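Chain naming follows the written order as A, B, C, D and E, and within any one chain the residues start at number 1.
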Amino acid sequence: MFLRDATTCLLLLAAASFFLAGLVGLLRFPDVFCRLHALTKADNLGLGLVCIALIIQADSWHGAVRLLLTWFLVLVSGATVAHLIARKALQQGQTPWRNR
Amino acid sequence: MTLLFGHLIDLLLAVSLTVLAWRLLATSDLFKATVLFIAFGLLMALAWVRLDAPDLALAEAVIGAGITGVLLLTALRHLDSGARVARMSGRSGRRSLRVLLPALGIMPALLVLLCLSSPHIRSTAGLTASVIERLDQIGTDHPVTAVLLDFRAYDTLLETAVLLLAVVAVWSLHPVRPIFSPEPISPAQRGLLRLLLPVLIMTSLYLFWRGSHAPGGAFQAGALLAAGLLLLLLSEQRLPGRWSGMFLRLLLAGGFMIFLLVAAGALVGTGTLLDYPGGGASWLLLSIEAALSLSIAALLATAVIGGRPSDRSTEFPPRRKDPAGEEG
Amino acid sequence: MILADFLLAQPWFVWLILLPLGGAASTFVLPRRVAPIGFCCALLILAGAVFSVCQLAATGSLTQAAGHWSAPLGIVLRADGLAVVMLATTAGVGFIISCYALGYFPARGHEPSRARYFWPLWLFVWAGCNALYVSADLFNLYVTLEIVTLAAVALTALEGGAPAVGAALRYLLTSLVGSLTYLAGVALLYAGWGTVDLSLLSQVLTEDPLSRTAMALMICGLLLKSALFPLHFWLPPAHGKAPAPVSAILSALVVKTAYVVLLRLWFEVFASFDRAMTAHLLGALGSAAIIWGSLMALRQERLKLLIAYSTVAQIGYLFLVFPLAGAETAATVWTAVILFMVAHACGKAAMFLVAGTIQQTAGHDRISQMAGAGGPIGVLAVVFALASVTIIGLPPSGGFFAKWLLLNAALATGQWWYCPVILTGSLLAAAYVTRVLSWAFLDVRRNVCPVSSRVMKWPPLALCLVALLLGLAAYGPVRVALTGAPVTGHVLVEQRP
Amino acid sequence: MNDLSVYAAAGILLFFIGLYALFFRRQLLSKILAANVMGSGVFLIFIGLVKQPGQSTDPVPQAMVLTGIIVTLCFTAAAIALAIRLKELNEEHHSATRPEDDFG
Amino acid sequence: MTGLYLGLSLLLLATIVLGLVRILRGPTAADRMLAAQLFGTTTVAILLLLGQATSNQALWDVALVFALLTAIAAIAFVRRDLEPEQNKKEDGDVSA
């Protein structure tokens, strides 16, 4: 019981740090292509950790399945949308930022 | 601790809703306003959750984040070039209204004070108890669905009329134009559609089925289906010409007409409007709901497309022929 | 015999909601048969309204709880005198407008889409009006108001030009503000007293800041929707630019819907409140509307705009009711306002329909260039003149009788200053009507193209005859109007010193 | 005074912000958004005032707000269709009469 | 545990509020759309946590619906056609 709660705590704290990282990325990265990483990597990972933390707490299998399905959908949508937005930005003539 | 966090969430939500509304209405960049409005919808859904109204959160999620978003983003193409034409033609009165400014500043403050101090607020029990009490007389055990489809079914009938009316009004204005850009669709988008659509339909069925005993129901399921239709539309799927006539109109009006027929049948049979036989047999409610869901999906998607299908049975909505060319 | 019993036993006031709704849906599904379906529907509604009047006269007051769920949980429909008079007026005026529309929107013209969408939208307006009159539930009233508004907006835009679409958009946004403000008031009332039923609220409502705020919000919202001066800015463009039958619908019927809700609130829900200040404010705004609307009408260059401003002025009379409704004059003003609404609906609809015919014959509606437009037709001039009689308020019209009752009430309550306002309004009305008549009908140069179809000539005549003779046969309508009315006392036909 | 009153207060503010913007903004889309914000404000007032802490929310206003949300969506769709039509008509008019004068 | 769930929801809500700066600042339309997309993900997380905190399973349905619909606005954004960014002139604030 204690172990379960402790794991959940740890996972949630980790998730919080990923979400914060995503926020910093969104605010501080120099252009849209960099910021897309905040969306696709940090936040989706954070959500994944939240889902796992809640699955540990879940007492029925269909709750767990719903959580996994939610994460999966967000993951797929996030990846696709990042690709689409990047493509659109390139089409509109934005050039990716380079650190010179 | 728990209570404090709850309070802080409520406070933060309320403040950010207000600030967001102010920012989105103050900007003159319409695209920015639209994106802020989508974010506003997200926060509204969270507010409904905090207010313990998951039905409203569901509706706000589908309508605020999904359908209104598509509606506004699609409309922007026609509206955001140049503020001059997109401006109301009238000019009189606005200057004189400025004198009302102080009143507009003081009134909210007064109203807030009043509502928070009134002894009547929250002293009445409301109707929760009487709804719960009568739930076993009817064919559903989710209170909101019971109110929508039985206790205040007449409101719902008229609301469905408003939905149909909105489509009639939109269609009366102009023939449909091609609404999306003709450039090729990314294969990733097609892949996403193939993945999302089955899940979306399943979820919609699930919401529909849950509606009889938990948050969900005909409206949310229909709106979710409408979002699915819009996703199809965004991927260049169209209604073939032979279906964009009578079939489409029957689909749009079907839910309303069935509801109306049930109401009229009850009026002939029992002399009372919407008095379901057998105290609201669940199969009857279920079939009304099913027809309503389908119609609502079609109505919302059609209202977003904005424009009537042409008389010569062509695809609905039409394709844009020339990538660089004129609209219409 | 069985059939007759069955028909008489039907709750016709409920059928009057379902019939146009069904008609609207079927005309939408079958766009090639709109005119026959729509016209049959109008006939059925007319018959239903007649039945309703008979039932009301026989039984007193008609009520029904939808789905057998009584208030506060369910929605109660209630047809009292006011509701039935309005149902009958709407049915009569609506039937005539439907006849006229058969000629105005030819189904086989070069622009079939206008006819195709006029009918479903018009039937939606009709259904919304009927549902509104019989509703006894504040939230249900909101939904019906929205049906009427949305359909009326789409009808306004049916004309197709940029001015009409702009006017429709402004109408929509203004109405939306009005109904949301009204809804905010409903929310406060529900939060405080846990019901939205009119009669339950009138029993439990206590006068305190919360209920007074709710009252203020609801009244403000409804004032915006019923276009009382100075909130009338959206009305003239919308009514002036719409197609003629639509203008008739808007001016004769739609404007009065919000006002009917206001009457119900004032005389029923908030009846026990101390509202002298509000009443005087509404009376002052009404007086200003009479003077301002008439003066603006006098200045208009376009016939339809002139009639639209005349509507702004006539709305003002409706609001004189609030200050004049004293303890012993309540029944008098109640009767007066109902008669006034009936007379104005008939007269104004006739005027707009004539204006539409003139516009189609002459190709424009500029008053100064309209010389002779009515000449070769004759009947148009007669109809317009007869309709003016009730708008001005000359005997024996319904307008005269209503104003007479208002004057009596003003004297009986010692508020003599409303008398000059009413009289000035009549004089100004006479002035602007004479201006049209002198330009269009007396200066006959028989050089305009001949009149269009017959259905556009004769139906308006019936309307203005009704308006004209209403004053002579006022006993019936007055008796119906006072059935189940929330007022008591006598109708002061004669002012006692 | 309790924790949920903040939503009612926010609702009142949203109502007035929307009202203000509706009168003073000139772009049509802003006006339409303002009406939506007003609507959200009214709905928040409705539920925020009715909700009692620790109890489930009264289903009757929930159903009413659901109806209100759908009705507002219908109005939004109609208003946007009207706005697009108005802009089209104005453009036709301007390109027909004064093609050079197309900048505000 | 409930305190932790609510606290984390509060934190996530705060990241949304701070992230609004990106929508307000832009500078390009893609940036704004991207930020809105990010909020969708965060909202899903908040809903899951609130659902767990109040043990109200209906909120997970709301989260599922959000997860399904996060993509739709962004897809509408890329599918509408738009003049290139440079042509989009910032109109002066017309509210004055």
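Things to note:
Assume contacts are C-beta pairs under 8 Å (C-beta built on N, C-alpha and C of every residue); 3 or more make two chains touch, one makes a residue touch a chain.
Keep in mind that what you see is a predicted model, and the values were worked out from it rather than measured.
Counting C-beta pairs in contact across C-D and across B-D gives the higher total for B-D. Set against the Cα centre of subunit A, the chain with the most distant centre is C. Distance between subunit A and subunit E, defined via averaged C-alpha coordinates, is recorded as 13 Å.
Remark: subunit A and subunit B have CA centroids separated by 28 Å (rounded to whole angstrom).
Centroids built from CA atoms put subunit C at 31 Å from subunit B. For subunit B, the set of residues touching two or more other chains reads 6, 13, 26, 28, 50, 76, 80, 82-83, 87-88, 111, 115, 121-122, 126-127, 131, 151-152, 155, 159, 162, 165-166, 169, 173, 183, 186, 189, 192, 196, 199. For subunit C, the set of residues that touch two or more other chains comprises 73, 139, 143, 146, 150, 153-154, 157, 162, 165-166, 169, 188, 191.
Looking at subunit A, residues 69, 73, 77, 80, 84, 87 sit in touch with two or more other chains.
Partner subunit E is touched in their complex by these residues of subunit A: 5, 8-9, 12, 15-16, 19-20, 22-23, 26-27, 32, 35-36, 38-39, 43-44, 46-47, 50-51, 54, 57, 63, 66-67, 69-71, 73-74, 77-78, 80-82, 84-85, 87-89, 92-94.
For subunit B in complex with subunit D, the touching residues are 3, 6-7, 10-11, 13-15, 17-18, 21-22, 24-26, 28, 30, 33-34, 37, 40, 44, 47-48, 50-53, 55-56, 59-60, 63, 67-68, 71-72, 75-76, 78-80, 82-88, 94, 97, 104, 107-108, 111-112, 115-116, 121-122, 126-128, 131, 143-144, 146-148, 151-152, 155-156, 159, 162-163, 165-166, 169-170, 173-174, 219, 300, 303-304, 306-307.
Of all the residues in subunit D, the ones that touch subunit B in their complex are 1-10, 12-21, 23-31, 33-34, 36-37, 40-41, 43-45, 47-52, 55-67, 69-71, 73-78, 80-85, 87-88, 90-91, 94, 102-104. Contact residues on subunit E toward subunit A in their complex (touch as defined above): 1, 4-5, 8, 11-12, 15, 18-19, 21-22, 28, 30-31, 33-35, 37-38, 40-42, 44-45, 48-49, 52, 57, 60, 63-64, 67-68, 70-71, 74-75, 77-78, 82, 84-86.
Across the interface of their complex, subunit C is touched by residues 15, 19, 22, 28, 31-32, 35, 38-39, 41-42, 45-46, 49-50, 60-61, 64, 67-68, 71, 74-75, 78-79, 82-83, 85-86, 89-90, 93 of subunit D.
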